[in-house]
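Below are two complexes that have chain A in common, paired first with chain B and then with chain C.
Our next item is the complex of A and B:
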């Protein structure tokens, strides 16, 4: 427990889904202050469900069916709505894929910032304006007054996403959960947003969980990378290790599909992730796996520690 | 290789609350027969507008468009419609490009019927062939767009575009909404179709690594103008303009 003070988020064997249908199965990881975890996988692997479950936002309809989530030692699965209100937006905030999801279309941006700040802090108008100016500057938004006076739809997509990030950052949260923060942006803006997220971590020591299907984003941003398939974290480790020396066949296949500058045509993986209601026992990937054996179909999905900080769920390593 | 499409001094202006916004500003380029030409640029650089001008979804304010020597912008109604057969487009949002209340098969049937009357059996056969051609099963004809995944829906959209045996296929960010694995497989399909049917392709995207392996030539656009064009390999290895260098730097 010596590192307890540094530990921000600990997820223990979480099982989550919609209603009685588990989507995310048996996922564990922990993050210290200032660490960034990137989670990758194809569409339909349960990435978003995981982050929705961790955020505990009411109305996202994810139910936790088992396991525990600790935020600074407090169990988020047992938290009351009252405490949650105090925590979300203040200590934990979320960035969504499209800014439309996090900004209110019928209200000016300035009001949305004021509302967020006032619901957690007692600050005067001038202090609020000063705080917004500071955050905007740190992520490279210069035109503060014009932006605050605009409606979200009056801004370009990249600008709106940066505003949404600023809104998530404005109370200097300890943990940011980001669901595909750069997927809707083009490459130059994407790079800018990533640089800004890194700068924010540098400044405020923020911990982040970032979901993406862009391997490039993970390699630039994350300390740790988790690869999800069929609702399980099939490989988890330091980003460098996972991307350079992948162990799980799925990680290898995923990396092969990434187009490289001046390289050969990328190779896609045939088939698609299993639908969650079709999932049976055994390895979920065995139908698409080049190394699949008969035993894979009754594999118990045991986690194998390859190195102290690198684990994988695969029969070949078990 | 002859030019199948020639574009000369093409411009498009949008009027917005009194201001004139030039989305495309005097663009010249040509698409050679059987090649894949990539158009790269950030959001708002006018690359999608060019696609819409070529397909006739927008009317150019200035310039000339030659398809096999025939001036497209001067053609009227019926004549222009005949040429739509030769130039087809695949959009970014595949699910949104289908009528949500129509089964995939029906959407494709409608296109085939434009080519002339066809018996019910013959239609079903053609739809099945097209779907199999793009790597889907025949029974997908009986599904609605929302019932299939994004990658599968993009395949169906490609099948629909191929239904009229086009000469030119324009892909406007056709893989941007897909994950890397699905993207790689769609690219593979496009390459396969190009070889098999001798298509010429215009591939519009902001993803440089993707086009670097797929295209023969590149056009880099910024603010409605072409800032650089040429052989893909040369541009990637030895970019001339500052803007291209900036784009290459942003590659992660």
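Our next item is the complex of A and C:
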């Protein structure tokens, strides 16, 4: 019971896609307070679709075709628009692939902060100013007044990115959904952003789902790692386990493709992920898999629990 | 600071443009076949003799070389004198000043009606795309766009004046009389505005920052009226600038139908009677009005789009 109370996000057998076309299938995981899940995979594996579907933001065009999403025990798939609005930005925040684009470029940053805060809380001007200062400081933004008085396009890319992250954090949400928060940034700023996300977890015990195709980000940030392929979570477990003792051939291939310092440039995995409309029954990876057997083509994609917190979808383990 | 300098620069640029425009119209009238002297001579209703025409021609300075005539007209213009009507001998400036208030009244009233209706309706249609209001208004806008304004004008006249008797058929020039012509113009403009504002709003609503606003839990009402509306104002201003410019020149067809004594009415008559000084004076007014409106439009862009810092 104690554990259940700490649970922030539980995703149960989610099937989601665009229109009637499922992209992600049978995704399940749950996260407690302060836990970070990293989801990796090549482009076109359904990572973004998954996080968009979980966020339930109107206008992203992702439809939930099956399954349930619970946020603190409340089913997000059945929630009214107004209840959803109250959660978004307040308890659940989203950091976008290009966070800068989530700001309105014709309004000053200060107004956008005030607007967000006033949409959820009744705070005085001084309290708002104080809260913004606190958040800015926690992610290393100085010069608060100048930033609040600027338009987003007047800031440098990295600064605007951090402002957007600060805006997502300003109400100290319980859950942050981050869709490749670092991929648009250069490496030094990438590191800063990772450090900031970690600092936020330290300070506010924030739960996060972070989408990335950077294994390094996952190893630094995440308690749990999920590997996606063909819209399925083919391997899921504690980051330590998944990265050190990968089971699924795709996870192995993905880790094998990470360049090492001083080593030779690794050869990438041949081929590309399947297009979603070409997906047939059976294992989606079998065409590129070194261990593929004939039976793989009619595999029912059953989840095998390898250890208590480590599971995989692969015929070799079934 | 910089803004002030730019405005002055733009005002100075008006001068060569004005010279170019007036030179062109002056040449066009010079090469047109009708002879102002015989027009003036026959104003009394009798066919004048050749000698009389020749005399008047000399009197009017029409025997001078073209360039001399133009430069002398330009010199007078600089002094604020636009010459006199060939027909009535009244100063052009007086005739324009009599018609101008009528045109201004109609221009601003029709513009106001247009904006009051089309901005909220266009935004509403975009926000409720595919709904019944959107569907009906799109049909209305489509039909309105296809109908010429004189059809709408005559229809309104028939309905409001003849059938319902609300408004006198012949305008008295007062506030009652301005309603129908303004309404006619506003109806025609609104059909175009509604479509454009709807399209601009839809375009704006599909942008990433709107998703961002939703992700922050901003209400749809605030998304539309505090964020999107400001961003579509640039489109609205562009449309308004173009419309105001042409409205200030008077609207010939509508003024004729409703017998509204504005500039369009005046210039139409002047063209018919080859009263060139009036036409020329009208062209001066129209060019200045257009350039001023464009300048104001550019200035107001800076209020709504902070990325535009200079004009």
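Just so it is clear, the second predicted complex is superposed on the first by the 316 of 318 C-alpha atoms of A that agree within 3 Å, B and C clash if a C-alpha of one lies under 4 Å from a C-alpha of the other, contacts with A are read in each partner's own complex, and residues count from 1 in each chain.
Note that a contact is a pair of C-beta atoms (placed from the backbone, for glycine too) under 8 Å apart; a residue touches a chain by one contact, two chains touch by 3 or more.
Because the structure is predicted, anything quoted here is derived from the model rather than measured.
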One more residue to check, A:115. First (chain B), second (chain C), both or neither? second
Using the superposition described at the top, determine whether chain B or chain C touches more residues of chain A. B
On the A-aligned overlay, A:270 touches which partner chain: chain B = first, chain C = second, or both, or neither? first
Chain B versus chain C as contact partner of A:140, first or second or both or neither: neither
In the overlaid three-chain picture, which partner chain does A:96 touch, first (chain B) or second (chain C), both, or neither? second
Give one of first, second, both or neither to describe whether A:87 is in contact with chain B, with chain C, with both, or with none. second
Looking at A:66 after the superposition, I want to know if it touches chain B, chain C, both of them or none. Which is it: first, second, both, neither? neither
Quick one: classify A:44 as touching chain B (first), chain C (second), both or neither. first
Quick one: in the complex, what on chain A touches chain B? 41-44, 156-158, 185-191, 194, 213-217, 219-220, 253-254, 256-270, 272
Footprint of chain A on chain C - complex, ascending: 205, 207-219, 222, 226-227, 230-231, 304-307
Could you please specify the touching residues of chain A with respect to chain C in the complex? 55, 57-60, 85-90, 93-94, 96, 98, 101-107, 115-116, 119-120, 151, 153, 164, 167-168
What does chain B use to touch chain A in their complex? 42-44, 149-152, 178-188, 191, 206-210, 212-214, 233, 236-237, 246-252
